[in-house]
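Chain IDs A, B, C and D follow the sequence of writing; residue 1 opens each chain.
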């Protein structure tokens, strides 16, 4: 970086992605023209990625409290009380842009980053999940992106030894130029051992640990906020390489030091590295901080203050220790062969002062950078509502079995085994429900309780109706947790949208938030952490709005845990919830009728809650043999998945109603579950449902080697399984 | 039954195997940091799974030169049983305690799933609670489990009955389809000459209770405890 | 014809493998090692007998598959 | 001084990576590729200025750590 004359600072600010107003504000805060290092710091701190300047206004609408919420949004991750003196700490984060440029390293460092957000708070990470959206399978880049992203997630998570227990993966042409890679980590800590980023204690040492700082990823944070264009090529060197081995050592070393009481505050170095971590710690504590950049461990020679401060080298942490505890901390980090350096001290000046080779390289006030951080009320227009699709106008298939086969093998429903078998989902030996069901269940080590974990979102619904889609994403997450028998507690989110400077994109954002907020309130399912990724567009094409939801629930009694697999022949299948045959924005419409239109299924939050609570109670008291919710593809897909998982067929008898048969089978009405129960229990459950005003009906009987509907359209479970399992491996081998 | 689990930087199944040993043998193992050259007096040394040193260079290669491995070799020579699971197996071949090498899976991917195994020999402390020919289901989780050795070594291993476990299909046949990683002769685990050292890629410690998806690994630890 | 391809990390890109190897060598007592960088080495057997054409083709393979040009450099060498 | 080390699989040892690369190249239409072998390439920075001593030391490193001589061959080359 060559030093430029002051006159060029304004031009440089523009290159750094700052607006004219933002630059003027930075001059005002400084009381002078900022130098290159200072300007660089302003630009990353005020980048969309770090400042949430376009989204903050909306995020405030989300409910974030509940009696069990220990710490909501604002810290590195959310913290909830799960009883027995324990807390779960979790968050989801995007690594979309880096993963598009370099899928392996982009995805890998995404996992590394979210792990650090969680263990920096004192939690041992116990599970990873990931929500992936790729472009059209036929698009020439898609296969390579899938391959690289999956290998990167596995490569990192497997090596650090945290099981990757779930996630989702869907495809749509709207993601051709912008894939979504969202990673979630869940950790466990003792409630009295949670660590925060608030610095305290003037004179306390500021300590740097982990890997050395290199020139990697400089201005990565602003890249994540820039619309992709032709200049993507030029930005390539900003890719960072992850080192999961060092991360593993860092986890162990941090947890070892956290077992003592030497740490005052700790913060990982994520986006905008040393800059955001030092501002965050000093800012939260209302203090100043002085850093000697020459003490920062460096991998390369001749690094400028600008480069050191903006580097996004991975696997690094910053912490404030109690005075006199440096030796003890150093011994631990040396044992784990990690870099350790006291790089600065806390001051009472309220300023960040950087020294470099005996000179002051930057001297700026801490508080104004966050207090006067730009916040935009960007113009927005609501998405026009799409018309409801009348099921009777959608042609019925000639052959239900053929339609089922089409759906069960379509990219969005096809088995994702090819993906999750590349993830070590069993390490730590507490994975009680592996990928492939509704929610993963991970035992709380040494206890007989478990956490139910899931990620969910249906972007095509959000695109059709952002508000309904936002509510649906929360509701489906809640439902998946319920379906394994757990009580849903809280969520994290990852808001993936296009360019917020376009009013229709802001309208999608506002709509999704509104729907999410309503659902979270109605379901007592607060948002405790999250992440926003904007500018996911290329040219005029933006991604489908995708508010990915990561949910956490508690299963107090592992013995009642439900799986989706049919357990035996001769049992009844019950359908809980009302079926109106809603085909708008459904997969049936897209994959079989070749139409992508219509309003998404309405989400009735009262029904959602009532039906879910009923199912959970039934699981606690009555023990169904299997439980599965209905989502993509509707009832018939849900039953087919239960049959494939158990290797046992079923005969469905759909009650006569005004709903056309194909709409009953493939409609994506919400708030529904399928339960396998012994015949003897049917009457009791139906009576209870009736008493509680929960729609419920027997819709079939398990048994045989085939799935049939009203005595016809038999399709063997074996064939279904082949169709369901074959697509992804064949596609990845270039054969589909 | 006293045991020690060696912890290398990057080991990540150390706790899992310690839990299995504690629950099934009734005694918690000593956890020995790789930098320590002293291993307590024990009846079994375990090299756990994971990614020692990130599996950089070659899986198990750097760990094989860790200070503690000198002592492991000395003990092994004295007949102290040594068990290497997954990364531990890779460390055993890299350090020469077992013959051959483990290279990248034929499909090139990391694979995590249950596999069927055939117990080829019940004639060791590790396998004595199984029956020869018994078929069991145990998970694997590795990218480099493809066992390779020259023809002469393979002949010797087979001839001396030193193949402990073999990958098989659901019907118990050692076919290509039943072989998840391309290992020569479908080999999943082998003994040293005295059958006091065992290396295997599958993870018996992940199969010790029904809740985890299976308990076929229990007999493994019961044999050790017996 | 044979092509020998060296694929190395671009300058400044972190090399976790090289770092781990260097530190292992130190622990083993090889104090004279100041740094290690790890790369890949590929040998390709080619049908082609036209040197210039072969080189061009291998370079295309590098761009499209063999090297990850975001973080790696490559060098191609033709040998008979 | 710098040492360049090539580590290649011994003849006859299965090379899944090389095989996969060759087949990927075929799929991409590079029909002229008859086979690919993948190896490693290490660059070591050494303090030593004595060429012969350095070479000997690097060979020891190869024997003891860098190569697995059960399946791999190595070649050492000193530069500068």
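The rule is short, and it goes like this: a residue touches a chain if its C-beta (ideal position, glycine included) is under 8 Å from a C-beta of that chain, and two chains touch if they have at least 3 such contacts.
What you are looking at is a predicted structure, and each value in this text was computed from that prediction instead of being measured.
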Between B-C and A-C, the pair joined by more C-beta contacts: A-C
Between chain B and chain A, distance of the C-alpha-averaged centres to the nearest whole Å: 35
Length of the line joining the C-alpha centres of chain B and chain C, rounded to whole Å: 33
CA centroid of chain C to CA centroid of chain D, Å: 10
Residue list for chain C, restricted to those that touch at least two other chains: 16, 20-21, 24, 28, 38
Residue numbers of chain B (touch at least two other chains): 53-54, 56-57, 62, 65
Shared-contact residues (touching 2 or more other chains) in chain A: 243, 245-246, 337
Touch relationships between chains, expressed as pairs: A-B, A-C, B-C, B-D, C-D
Residues of chain C defined as touching chain D within the complex: 6-8, 18, 21, 24-25, 28, 30-48, 54, 57, 60-61, 64-66
Interfacial residue positions of chain B with respect to chain D in the complex: 57-58, 61-62, 65, 93-94, 99-101, 103-108, 146, 148-149, 182
Interfacial residue positions of chain D with respect to chain B in the complex: 13-14, 16-17, 20, 64-66, 68, 70-71
Sites on chain B touched by chain A in the complex: 9-10, 12-13, 15-16, 19-20, 35, 49-51, 53-56, 109-113, 139, 141, 143, 203, 205-206, 208, 211-213
Footprint of chain B on chain A - complex, ascending: 151, 154-155, 158-161, 243-246, 248-249, 335-337, 420-429, 431-432, 434, 443, 558
